[in-house]
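In what comes next, subunit A is part of two complexes: it sits with subunit B in the first one and with subunit C in the second one.
Entry: the complex of A and B
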């Protein structure tokens, strides 16, 4: 018994020793769009570059872009694992089941799946509280609109997107009771042609603010062409469209998380966990509010951002009713993460129905 | 002066040689491109064409994956090629693929969690029926109202995508999925799972069906009266009509068979490699299969080889991206070059070059 435990600890020590000597690890990234999309995938790739910068030669990174969700992504992940990746970030919701499948086949490889809810011993999940950024956007949008019509390009009617719509609407409505939201579903994360069509349709309907939950800069270009329309950068700063039409942005900053998780694998301290960070820890950033926004509105928006960041204010604070009028949150009550994670309803005041 | 002169009979030798020339030309042009990107050209080409088949590290995984990737392409392309031979243009296989998957998955999910050996055969029938049904829309519109089946079948792809998005979020949504879109995963439902027939071979029922379809199409096109009618219709429509071939029946037949095969491909994909109905379940097999059909010169054996070659460029291309950090677009460009050279060299099958004066 004693001998056995001595032996096991000896083996463990040797294993640890070799891990320490072979400092090099390989980190893989699976992207849903091209790295040059200027939005979602671009920011994940910035995160990858942060890993390269932080660890230099100790870590090798590999990535694959424009990987379709489903069976193709499973093959890409498997090839990464076969190639010796120790840690693989799969950066789209649709990679959830493939990630779980591949993780089962490679128990020694660590996986990190963005925006999903399925975990395993070697699969963590992580996401950002984008809805906090949406609150700031909603505030600026509600103050800036002259037609009181705000357009919103939705990607897919999933909880993450619905949460963003609700958060933007609540905060626009708070500063402008007459505000109306027109929501268009593009059914894509990245398709410049479709996004441009959606933006143009919204502008024709009289929207002078266009919010987007799709990743390309096409809506920005459409707004620039139309004139008198303001937009917000999505996932990435999209600063090249400032100061107008882009007046601010929500930036996903994955770098610190990717560096921390890579460090954990290097140290042998990696464990499966669920991370959902917002403005406070810096996973969500608000891009520079441009000169097109009056100073007082800018100051209010920044105060809102800081309140969200410090945790003194929650983006979903009652009193709030659901769209059908049933009460959801009492005055002063804040939404719990479980409800937010599975959010499949609009708040009171939004028109239209969520596609089913 | 250089002239093209039409050959009296298509050259058999060039039919075999031109694809090889095309691959070599692609390697040269692609190699120049990779070199311009600052990557080692020979290594890139080796990774694309050789490593998926023979690399000791990857081959045992990527060889079966070739079949998984090629299976649906071949199955759909075989169906399309029959119609294309007759001049009936089904461009909407992608939509029929989606409907086949939706019908097949719906049968499985309706039966969930019942355990029965009859379930999978029922899904096969439902998948084929779904694809067939979707193809019957352009078929009936063409035969009754003389609409253009190219436009109708293509437009129905977008309708099918909307149906897919709708059922992924409603009718077929996983009730245990926390409100997220997407169906239950059929891989975890043994009666409905289109598992590999031989473990780690990549051979699931869809791949086997693709091989059967190749044989079936070959026999039909060379030995059966229906194959003769199809060819006659394509090559001499007037003669076909005089000899009593019914256009209506042929349109319904060609669209029906291509729709049913595309539907089968979708069903095998959703119950096997993919496992789930999701909002963007379809990943372009229906459109790529059109390329495969023409790459294979609309011949069943050609399609078999073309499907495998396409699959190789996909998988090899992914490997090259991973190993050399090549941009994804350069791989698409490389695939595009291959298609361009294959189609461009095709001219030598029917024409020969003559140098000198024309007469």
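Entry: the complex of A and C
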């Protein structure tokens, strides 16, 4: 009896406690890696923290880390929706179909899927124009390489990654016609040991610049160990690896977007939309270009960054041909967002084929 | 000396490095399974070894101390498993999986302040005379000490299991714990020590990832290496030297496929990546067709002296 009464009062206390701190809305985040990856997921979690800071007790945030892409993520999203989440951010490309599936079952829950292209009445998509940052990296890489071989660690052959490769290549080639790209697909977003192995393989093949589109800082550490190799921070600043090997970075700044969308749900003004912002609106930032880069190259890179930000220059400006030589963009023409969003081809000059 | 644009000397050198963590974990698990216990917590013990080794190496600026403490940490964590499984008779599979989750959690907690910090790393030994041999010197004799330690451990395990009394008793316990008990051997104590040895080896393997192979601490950085180690034990049909072959094969395929891609060779990497697992299945089919699975007969069965 006594135990029962203790339990009852405990449950009552918990219920009271939750009632007292009940937030207006609950926001869920589904992460592909751990929040401590130092890259992609880290920045999404910074965005979540920005939401906490902006709304305090009015918003409760929940998150789950290292959620595999595919069927398992559906379970996680369903669980969050059942827990009463009003808004769920699913922060990796591979959550695209699961997000759409779960969204169908919970029409009153709002979903936001990062880097995808499938929308519904309660599913928005958002992404950053990382390729603008890749243009700046390509410029620095083309100028800095001595072996004229640039290594690129890709995660999965999806449009977002292919866009980055093309953008970096176009701008490296522009300043250094002899440049070659060696591309390695790691088939993972996060596996430090494998990412380090990939970086080492590229370095052993003579690459003295390594660009990465995977989430951990392992390639930076591998480059540092090898010496005489430069790298760029990916998704996060990775400043701890500067001034060498990390000479600059692309930083994703999700905070303002997450705050705005949470506000929209609070106000009841949330609608399904597609957001794709770049350097101009501040969703993509270029990390400090380190002292290892000569001043003139640094100035050029910053000028390129500003031109991309103001919109006077587009990273995909013709004349550009596809890899097989067929014309894509005429001189002065710029790529439309539809083509970029579904980009599944290399530009002329890149070697190798995109795995299907 | 290049094949398809890949330098085989560098390839073999880097596959030895990439295989060392899984080799260490697999040889430890071989001993555990030989004693009749299935510990699925290899991943958890590896990652705790990785974080503890990293923390002590950073604080003492001595990677050797990092490895020692990583081994101790792995062994300590495995005593939780050993106590639950041997004394409280909990289910080995479930407890092992639990150990992995505990290890991932503890390591994330401990490692939080150490993200983004650089560690002192092991210098390669460049063994005198031997490392000056053309080709083979660079390929085989210019590694850090842990690569050789891992091979030494394999040799010691092989010798101990095959030629010593201790090894014979350990195998007897793994094959038939009731008979071993009837002969007066301390089944529980022997298994407890075997589990601790497995934990220590896993801890070393984890520390090799965080101190040499990557070298840094990132949450979740073992990323499934422990599961590959478990596959290697089966692939090797519980034989120490085959563990070495298995680890180098698994590690080698990963490095090879990355190198082939970097060299721009048009080979579908998916086939290469899945090949070690296909070989494991093939090995299992072959050894079970021969009627002898090679697995210790008491593997996974709980022991109680009263039975």
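The definition used in the following text is that the second predicted complex is superposed on the first by the 333 of 356 C-alpha atoms of A that agree within 3 Å, B and C clash if a C-alpha of one lies under 4 Å from a C-alpha of the other, contacts with A are read in each partner's own complex, and residues count from 1 in each chain.
Heads up, the rule we're going with is that contacts are C-beta pairs under 8 Å (C-beta built on N, C-alpha and C of every residue); 3 or more make two chains touch, one makes a residue touch a chain.
Bear in mind the structure is a predicted one, so any value in this text is a computation, not a measurement.
Enquirer: Do subunit B and subunit C fit side by side on subunit A after the overlay, or clash?
Expert: Here subunit B and subunit C cannot both sit on subunit A without a clash.
Enquirer: Could you say whether A:355 touches subunit B, subunit C, both of them, or neither, answering first, second, both or neither?
Expert: A:355: touches subunit B and subunit C.
Enquirer: After lining up the shared chain so the two structures overlap, which partner does A:94 touch, if you call subunit B first and subunit C second: first, second, both or neither?
Expert: first
Enquirer: Return first, second, both or neither, reflecting whether A:275 touches subunit B, subunit C, both chains, or no partner chain.
Expert: After superposition on chain A, A:275 lies in contact with neither partner.
Enquirer: Have a look at where A:148 lands relative to subunit B and subunit C in the superposition and call it first, second, both or neither.
Expert: neither
Enquirer: Answer with first, second, both or neither: which of subunit B and subunit C does A:69 touch in the superposed model?
Expert: In the superposition, A:69 touches subunit B alone.
Enquirer: May I ask you to decide whether A:46 touches subunit B, subunit C, both, or neither, giving the answer as first, second, both or neither?
Expert: neither
Enquirer: Looking at the overlay, what does A:263 touch: subunit B (first), subunit C (second), both, or neither?
Expert: In the superposition, A:263 contacts neither subunit B nor subunit C.
Enquirer: Quick check on the superposed pair: does A:321 touch subunit B, subunit C, both, or neither? Answer first, second, both or neither.
Expert: neither
Enquirer: Pick one for A:341: touches subunit B only (first), subunit C only (second), both, or neither.
Expert: first
Enquirer: Between 78-86, 150-158, 204-212 or 222-230, which subunit C stretch has C-alpha clashes with subunit B?
Expert: 78-86
Enquirer: Give me the intersection of subunit A's contacts with subunit B and its contacts with subunit C, in residue numbers.
Expert: Looking at subunit A, the two contact sets intersect at 34-35, 66, 187-188, 355.
Enquirer: Mind listing the subunit B positions that touch subunit A in their complex?
Expert: 57-58, 61-62, 65, 68-69, 161-162, 165-166, 169-170, 178-181, 185, 187, 269, 273-276, 278-281, 283-284, 315, 318-319, 321-323, 325, 327-329
Enquirer: Write out the stretch or stretches of subunit C touching subunit A in their complex.
Expert: For this pair, the touching residues of subunit C are 5-7, 10-11, 14, 18, 21, 108, 111-112, 115-118, 121, 209, 213-216, 218-225, 254-255, 258-259, 261-264, 266, 268-270, 273.
Enquirer: Taking the complex as given, what residues does subunit A use to touch subunit C?
Expert: 33-38, 66, 151, 182-188, 190-194, 196-198, 200-202, 204-205, 207, 216-218, 221-222, 224-225, 238, 240, 351-353, 355
Enquirer: Along subunit A, where are the residues that touch subunit B in the complex?
Expert: Within the complex, subunit A contacts subunit B at residues 28, 34-35, 62-66, 68-72, 74-76, 78-80, 82-83, 93-94, 97, 101, 117, 156-159, 187-188, 341-344, 355-356.
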